[in-house]
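The data blocks that follow each hold one structure.
Common to both upcoming complexes is chain A, partnered first by chain B, then by chain C.
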Partner chain A sequence: MNHADSDRMTEDLLRPLSTTSLRYRVALVAFGLVALSGLGAWGYQMYFGIGVSGLNWPVFWGFYLVNFVFWIGISHAGTLISAILRLVNATWRGPVTRFAEAITSFSLVIAALFPLIHLGRPWLAFWLLPLPNDRGLWPNFRSPLVWDFFAISTYFISSALFIFLPMIPDFALLRDRSAGSKWRVYGVLSTGWRRR
Partner chain B sequence: MKAVYALHDDADAAQRSVNGLKALGIEERDIAVMSSVPLAGHAFFERDKKSVVSLAAVLAGAAGCAGGVALTSLTQLSWPLNTGGMPIVSIWPNLIIIFEMTMLSAILATVVTLFATSGLPRRLPAIYDPEVSNGKILIGVADPPADRLPDIERALGGNGELRRTD
Partner chain C sequence: MRQDDNQTGATPAYKWGMAVDLDRCTGCEACVVACRAENNVPTAGAEAAARSRAIHWIRVERYWDGEFPDVRVRYRPVFCQQCDSAPCEPVCPTYASYHTEEGLNAQVYNRCIGTRYCANACPYNVRFFNFDNPVWEKPLDLQLNPDVSIREVGVMEKCTFCIQRINEAKIDAGAMGTRIEDGALQPACAQSCTANALVFGDLNDPESAVSRLSRSPRGEKLLSDLGTAPSVTYLGRED
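Now for the complex of A and B:
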C-alpha cells in the first residue's frame, strides 16, 4: 500500500470522529430516551420496592442476577477472544482484538449495573468499600455480594487498562491530526507518546 | 531542541543508519528510534528488550496477596460474626478476595512500570515527526555535537530523508 492509499484510509477511518450526521443525532436521542426510561423504571422500583421485579418467595434468583451473569458471560467472551488471538500471535488480530476488548469493557459496565440495581438500598452501596469507619464495621468477606464487588472492580480496572494501553498510539495519531481542545484532550490521552 | 534525523521507508535502511551512527561513535542510548509498528527481528529495535515489568508484577502480586490476607483475616477478627461454630477466619471464602487483590496489584504494577520505563507521560518534547504515523521509521540524534554534524548527516542522509529541527 503506498502513502496516498494509507493517508486516504486513515482519513476515512478518522472521519466519524470529527463529523456527525443527522442520522447519528436522531439515533443518539432515541437511545437516550430509552436509557432515561430505564432510569425512570429504576426510580419506580426504588420507591415501590424490589418486589416489582418479581423477586418473591419462592423466586429468589431474580431477573437482575440472571442478567448480571449473562453480561459477565459476554464480557468473558471478549476477553477470551482477545487472549487467544494474542497467545497464538495471529497476524490478523489487530481489528478483532480491538472489537473484543471493547466488548469486554462495555458489557462489563452493563453487568456492573445489575448488582447496584438489585440492591434494596442502592444508596448504601458504599458500605461494600473496606474503609475504616467510626462504627468499626467492615464488609462481610464471606458474602457473595462483596465477592462481586471485588471481582467486578478488578475485572473492570484490568479491562479498561487493556483497552486503553493499545489505544495510546491511536490517540497520538488523533493528536497529530487535531487542533485546539481536541489536541489537548488527545494529547493527554496519548500520554506524550512519540511512537518509540 | 536541536536534532537531526532521517525518515526511512523500511527497517533495513533504518538499520544501516543506526550502524552508520554507531560507527561514528554515537552511543546507542543517544540514538532515537521511532516506529509506528513493532519491528521484531531487527537489532536496532531490540535494544530495549530487557524489562523489569515482569519482576514488578510478581513483587506487587505478592504484596497484593499479603494485603488480601491481612484485610480479610484482620477485619474478621476485629468484629467476629456468629459463624455457627465454624472458623472465624476461613481460607475458602477469603480466597476470592485474596485472589482479586493479588491480580489487581500485579496488573496495576505492570501498568505503572510500563509507563515509568517508557518515560510516559512526557511533557518535554522529544524528537518526533508526524510522518512516523504514516509508516516511516525515524532514526535521529538529539543535540548532535557541532563538529560531527556533517558526518551524522551523511550517515543518515544516505539511507533516508534527512531533516533537521532547531
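Now for the complex of A and C:
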C-alpha cells in the first residue's frame, strides 16, 4: 500500500464525521421521535403512578429491572469480546474491539436509565448517591441498591476509559485534519498526542 | 441508628407487640374497616381492587377445611409483624424502612423513593405500594384523620401499630411522669375487635396482657422458620 492509498482510506473513513447525508437526518429524526415518545411515556408514568406500567402486588419488580439486567448483559458481552481478543493477542482485533467497547459503554448508559424509570419517585433518585442529607443521614450501605449505584458507576468509568485510551491516536489524527472549534475539541480529547 | 433517641439508656421503655387469639377471631373484618378509617388508607376503587391494587394494612385470611357440607372456616388476621430481624429494613437504600427503639418497623414516607425492595423482601406480603394517586370516594374524603399523613403516589406504606396513637399516649404519659398503662393504648384494629381477639401492649412489661398471652403454649409466630423474630404472636385454635 503506498502513501496515496493510505491517505484516501483515511479520507473515506473520516467523511461521515464532516458530512451528513439526507438519509442520516431522516433516521435521526425518526429515532429521535421514538426517544421522545419514551420520554413522554415516562412523564405519563410519573404523573399517574407506577400503576400504569402494569406492575402489581405482591411482585413489585418487573420488566424495568429485567431490561436493566438485559442491557447490563449486552454491555458485558462487549467487554468479553474485547477482553478475549486482547488475551489471545489477535492482531486483527483493532476494529472489532472498538465496536465491542462502544457496545459496552452505550448499552451501559441505556441500562442505567432503567433503575431510574423503575423508581416510584424518580425525582428523588439522587438520594441514592453517597452524600449525607441535611440531617447527616447517609444512604444505607447495607442495601444492595446502593451497591448497584457503585457497581454501575465503577463499570461505566472503567469501560469509558477502556474505549477512550485506544482512541487517543485517532483523536490526534482528527485534530490534525480539522480546524476551528472541532480542532479545539479534538485537541483536548487527544491529550497532546504527537505522531512520530 | 441513633442511640441517643432513647432517653432511658440501655433498655427501651416500651416494646410494642400484639397477640392474636385465633380461637376468638370471628372474621368480621371490623379491624380492616377501622384501620382504613384511622390510617387514611386510600380506597382504590373496584377496578384497581380487581387488579389487586387495593391497599389494606390488615387483612383477614380465610382457610377452608373439609368438603361441603362438612366445612369449617379458619380466620387469620395478617398485618405487619413488626419483626425484630426484619427483612425489609436492611434492603432500603434510604432508611425509609427503619427500626425504632421500641421495636417497630417504622416506614418514613418522606424518605421513600419507591424502589419497592422492602415489599419484595417481606415474606408476609404486608407492605403496600401506592401504584396510583391516592383517592377517597366521597364522602370518605371528609373523614380523613388529621393525625396521619397522606401518602403520595410512588411511596410504600404499611401497618404502623397506629404510631400516632402511641406517640400521643407517650406524650400524655410523659407529661404525667408515668408509664402508659396496659390497655390504655390500643391501635384501631384492637380497639374495634368485638371478640377481643387482638391484644396490644408492651412486651417489656411481663405482667401486661399481651406479654401473658405471648407466653401461652398455644402461641406461635407466623413463618417462624424464617427467623424474622416477629412481635406478633398467634394463639392457635383449640380444636
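Just a few scattered comments:
Everything below uses one rule, namely that the second predicted complex is superposed on the first by the 190 of 196 C-alpha atoms of A that agree within 3 Å, B and C clash if a C-alpha of one lies under 4 Å from a C-alpha of the other, contacts with A are read in each partner's own complex, and residues count from 1 in each chain.
We adopt the following convention: a contact is a pair of C-beta atoms (placed from the backbone, for glycine too) under 8 Å apart; a residue touches a chain by one contact, two chains touch by 3 or more.
All values derive from a computational prediction rather than experimental measurement.
When both complexes are overlaid on chain A, the residue A:120 reaches chain C alone and has no touch with chain B. Of the two partner chains placed by the overlay, chain B and chain C both lie in contact with A:140. In the overlay built on the shared chain, the residue A:165 is in contact with chain B alone; chain C does not reach it.
Comparing which residues of chain A touch chain B with which touch chain C, the overlap comprises 137, 139-140, 142, 146. The touching residues of chain A, counted against chain C in their complex, run 48-51, 55-61, 118-122, 124-125, 127-128, 137, 139-140, 142-146. Touching chain A in their complex are the following residues of chain B: 33-36, 71-72, 75-76, 78-79, 81, 90, 93-94, 96-97, 100-101, 103-104, 107-108, 111, 114-115, 118, 120-123, 126-128, 130, 132-135, 138. Per the touch definition, chain C reaches chain A in the complex via residues 48, 51-53, 90-95, 111-117, 119-120, 125, 128-133, 152-156. Contact residues on chain A toward chain B in their complex (touch as defined above): 3, 6-7, 10, 130, 136-142, 146-147, 150-151, 153-154, 157-158, 161, 165, 168-169, 172-173, 176, 188, 191-196.
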